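What follows is chain A paired twice: with chain B in the first complex and chain C in the second.
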Partner chain A sequence: MNKSESPIISVKGVTKRFGSFTALQDISLDIRPGEIFALLGPSGCGKSTLLRIIAGLETATEGTVAIDGQDMTGIPANKRPVNMVFQSYAVFPHMSVADNVAYGLKLERRPAAEIREKVAEALAQVHLSDFAHRKPDQLSGGQRQRVALARALVKRPKVLLLDEPLSALDAKLRDAMRLELVKLQESVGVSFVIVTHDQSEALAMADRIAVLKDGVLRQLDSPAALYKRPVDRFVADFIGSINMFAVTGRRAEGGDAARLETAELGAIAVPAAHLPAAGKGALTLAVRPERVKVGAKAQKEAQGEGGLVSVAGRLGDVAFQGNSSIVEVLLEGGGSLSALVSEAEADHLMQAESGSPITAWWALDDMLILPENATAA
Partner chain B sequence: MARERRAPAGPFDYSRKLSLRLVFIIGAIFLYAPIVVLVIFSFNDSRRGGNVIWKGFTTKYYEKAFNNDALVEAFINSLAIAFISTLIAVILGALTAVVLWRFRFPLKPVFEGMVSLPIVIPEICMGVSLAVFFSSFGLYVPRDMPFPLNLTNIIIAHITFSFPFAAMVIRTRLNSFNREMEEAAKDLGATEFQVFRDILLPHMKPGLVAGALLAFTLSLDDFVITFFTSGPNTVTFPIKVYSMVRFSVTPEINAASTILILITLLVTFLAMRFQSFEEPRQ
Partner chain C sequence: MESYRRNFRAFLAFFTPSFAWLGLFFFVPLGIIWLYSFGETEGLTKIRLTWTLENYKRLLEPEIISLFWRSVWLSVISTAICIVISYPIAMVIATAKAKWKPWLLLVIILPFWTNLLIRTYALLNILGTRGRLNDLLHWLWSAGDRALSMIGLGDYHLLGERFVPVKFLGEPAGVMIGLVYVYLPFAVLPIYASLERLDRSYLEASLDLGASQWRTFRQILLPLSSGGINTAMVITFIPMLGSFLIPDLLGRGQVDMIANVIERQFKSGNDWPFGSALSLFLLYITFILLALQSFHAMRQRKREEARG
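Presenting the complex of A and B:
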């Protein structure tokens, strides 16, 4: 195996219990050198706990964490070759910016000249050279975060761990910082592990994303794969927006194909290849809003060789979003679905009266058939 | 030309309401007038300190106070007791505060309650109990012990009642400590001791200073507990002043008290300066 392909962090069978509460359930994953890896999930899913276990601030009840091939069991946080950027940044308020960055090197008892040089270099990297002698209370939130970044990176960690790095910043700064973090990662080359609850953040920054829910790893994939091929209902719902219809009945049809009943769409025949192989629980039909087309009647133009799903409804609200609009279609079978349409199409639709009949359709190939939970046995 | 009218007081313009100003002024007078009078009459050229008739300016009572060996000795005793008991009370208080903040252990609420008990127990009870304790355990230090060992009993008594105050102040300060800071230091390679020295202690510093200030002033002017634990050769300033007042109130006492006020103010001022230098606003 190629050296660069061996994982920099290898998490094997990690379980964490707090009393009777299981925060993490048998998590196994590998983090590759030089990638941005996101741990994504709603709050309380255990993603921060996993990060803290990797950092050594928490010990796993079961399982092991290896960093660069070395088992970290029993090695405390201060002896691990990883560094962390905390959610509150935890910049030391009684030290200047330069002293904050130098602190980790001073603990290593490096020579003063070397410390000075490395601190200057790290501060330049995060564009804080002019602030070296400021105290943290004279800095903005974004600047404090840079101090925390420089302080961690100056130690040349094998992996940088970031706990919700952007959650405390305002929206505009957040977008700028996203890009900057990606650039920073490219320039320093070490892997970043980012914990976030914001799916758009994970999609925009990460090379690979692990989606966690209630301490269980639901799916680990690239952002595009997560979006296009979510393994279950939770992942599909959590990543991006999606229209979902619960399947209420299922009848086998010729061969392995099946007929799926839904309250909103009626019965739909689907080929066997589309049915999920694993998982249990009720099935859900799902389609992304940008795959849904709307018009006076279904037009069979650009869909693939597969069939077409079309459903009649009434025009609901049209939410203007600048270059596109979200059209709400009130279905005759109850419920509604949303479709993402271009500006031109939206203009056309706006002329129709609200409540006028309309048809929504999409290619069968664009429709996902999802189990409730793909990981449950 | 129309006369300019001031706008009526807004909802939060408390300082512009006459009734509230009056309350403030009366309160200030009751609090500070006696002290101001005491200071002024320490310069009164009169035999009697209780005399409220101004008979001319003099500093001779300051001279007299400085030449009163018994008074000076009591004063030095008080300062020595205050310094030593403050030092020990703050160290004990800080340790107690860290234990209460950091760890969970069985009977913690009981322990917490016992620590703050000396704050609520009437001083007279503490005085009596300490006196009984010292005598029944034979802990009365021989009279001829060299200074400041002859003050041991009083120092122990003062530590007993002042360390809970220090512990509480420091404990409150610790509540505002961000535990992520401790984790960040560990993550950067710090050992437990380095975390304490480099991160926790600097954070505690304002609490330590405030606790010390409190302990110092409590010790300096304590009368009741000291009265029960002092011997004939270990007289402190408040006790000496009390015994002098029993004979007659002379401006000498005013002068000595003024010096005490000055020292307290100076210590407070220094502590506050020190704090504002060390601790940037957060």
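Presenting the complex of A and C:
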């Protein structure tokens, strides 16, 4: 995608207050044409509110939303060139599937033949052609969602907004629908903005993800960047699994480097380049389980110039996961960490008794040093 | 409840009083009325059961048919007015903030706590030719007349030379005002319940798809609250049809409804068999309406259940 392309949605300084409660605080972000953009965060973080502000179902207390370069302030939901798939799908129960899909077109006063053609086309796109004359109560949850999708897409919106599109489906259907939504987006070409609380959903589907917490945008990045370079403790913890150790003390070393104290790992010297530039609050050391190696003794293999961090512990539980296993290491300084190891390594470890001494180590370069909150001043 | 077969004695102990009450004071008198309706009066106080159909034939007399017709149209119009007034009220309550809802509902229910007789007498004071409503109309007339004078049209007396009080009592209008006033809460509550249950995202989806507020109201809100409207219609229409006190007091004997004529048969008319036939006929109409309503409600519920 061309980065210089102008954004299809531009959110600038949006703040939303409900009474004394601030649901969104000074959110600014751009959504590019043709991308899948995820608004990710725990419940109550304001992601749905932001989606509803874009749709025009809610008004921002401050700030503006522009769609395709046009300021949407004061323009009601029924005049905005975006459409929404609701969490409950909101398929009108008193209308047939075809009537549901035709609802938005009839409002545009198009000729009947054209409406019929477009409805048939939209239903074919979501594989519901045979269900056109059914009533919604004769459909499954997944089928109703397709009706909601067809009903929104038939309006040819500039952006399709989806509020927790997969949360109401059962686990198996959810995986299938993930893929199908991505394919659908590729075939229609319009941007999708997806609200979700499920990080794996966002990682699997989105081109870019905005992580929200308590109404504040914590980080906006590609899924890979979010995973590899989370800006703070919250983002690191929310995306994927990670071992974390609270820093209890900090002493300056020669140059800009510092010695960071933790209860579990002891003191670790880190170069200045690794320390976070922004943010506030206590620091946290973090390392992904797949970066942690375990064995009888730390081995200096191919690691960067930064050296190794190693810690002694005892072997805890080994959880089998198919082609890999998660090994729990009970640390001598208290607490534990988990390491993701290959099948062969796991087999080898299983020969040792639970509780036998073991060492865990990782490259200093693989360890993240995170502030509590990167956005706080 | 399902184990009542096993604990038959406990079941008896619990339900005998209520069954006895119902049987003694409801089914037995109803049976007597039913028998009366096939009887003939003999002398002043006796009724002989002759299995005659004469009383039912008399239901087809023009006076009685026009009486039923008047009762029906008064009730139909009053019901329609009730629905039209109560729908916006129900909408206001359903969309009010959670902390206001109980208070608003209380305001609707409050009149129930006052005796019907007292409320109806209060209406007499309001609807009379020198009542408060005519005071208000008089004031409006004066204001209108003054306004016309001010723009130089005072000499034409477009609003009449004098204020003529509107007659409500003894007129169908007065009875309808009374019926609407008394039965309005019965209409508000079921409509409120259906609006309260309604998922708001249906309305938002309609707006999102480009529909105007008015269209959303007509094509989404109204059909989806039809269950509440139907219930409201039935539970206001049925008691209106059989109402006695309101036409008696506000109609001043000029606007009789079925119940007034029934009462007359049992008292001044001294024709209990015919009164019984009239009563039963009213009961049958009520049954049919209730059956239609529950049939509709059942279909609605099935649809909702299937929706999950």
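Keep in mind that, in the parts below, the second predicted complex is superposed on the first by the 373 of 377 C-alpha atoms of A that agree within 3 Å, B and C clash if a C-alpha of one lies under 4 Å from a C-alpha of the other, contacts with A are read in each partner's own complex, and residues count from 1 in each chain.
Assume a residue touches a chain if its C-beta (ideal position, glycine included) is under 8 Å from a C-beta of that chain, and two chains touch if they have at least 3 such contacts.
Every value quoted in this text rests on a predicted model; they were computed, and no experiment measured them.
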{"item": "Superposed partners chain B and chain C on chain A - clash or fit", "value": "clash"}
{"item": "Chain B versus chain C as contact partner of A:149, first or second or both or neither", "value": "neither"}
{"item": "Partner chain(s) touched by A:108 [first = chain B, second = chain C, both, neither]", "value": "both"}
{"item": "Which of chain B and chain C A:236 touches, first, second, both or neither", "value": "neither"}
{"item": "Chain B versus chain C as contact partner of A:128, first or second or both or neither", "value": "neither"}
{"item": "Contacts of A:94 with chain B and chain C, given as first, second, both or neither", "value": "both"}
{"item": "First (chain B), second (chain C), both or neither touched by A:84", "value": "both"}
{"item": "Chain B versus chain C as contact partner of A:76, first or second or both or neither", "value": "both"}
{"item": "Shared chain A contacts, counted only where both chain B and chain C touch the same residue", "value": "55-57, 76-79, 83-84, 86-88, 90, 92-94, 103-104, 107-108, 135, 137, 148, 151-152, 155"}
{"item": "In the complex, chain C residues that touch chain A", "value": "199, 201-202, 204-212, 215, 219-220, 223-224, 303-304, 306-308"}
{"item": "Chain B to chain A touching residues, read off their complex", "value": "178, 180-181, 183-191, 194, 198-199, 202-203, 278-282"}
{"item": "Sites on chain A touched by chain B in the complex", "value": "55-57, 76-79, 83-84, 86-88, 90, 92-94, 103-104, 107-108, 135, 137, 148, 151-152, 155"}
{"item": "For the chain A and chain C complex, residues of the former touching the latter", "value": "55-57, 76-79, 83-84, 86-88, 90, 92-94, 103-104, 107-108, 135-138, 141, 148, 151-152, 155"}
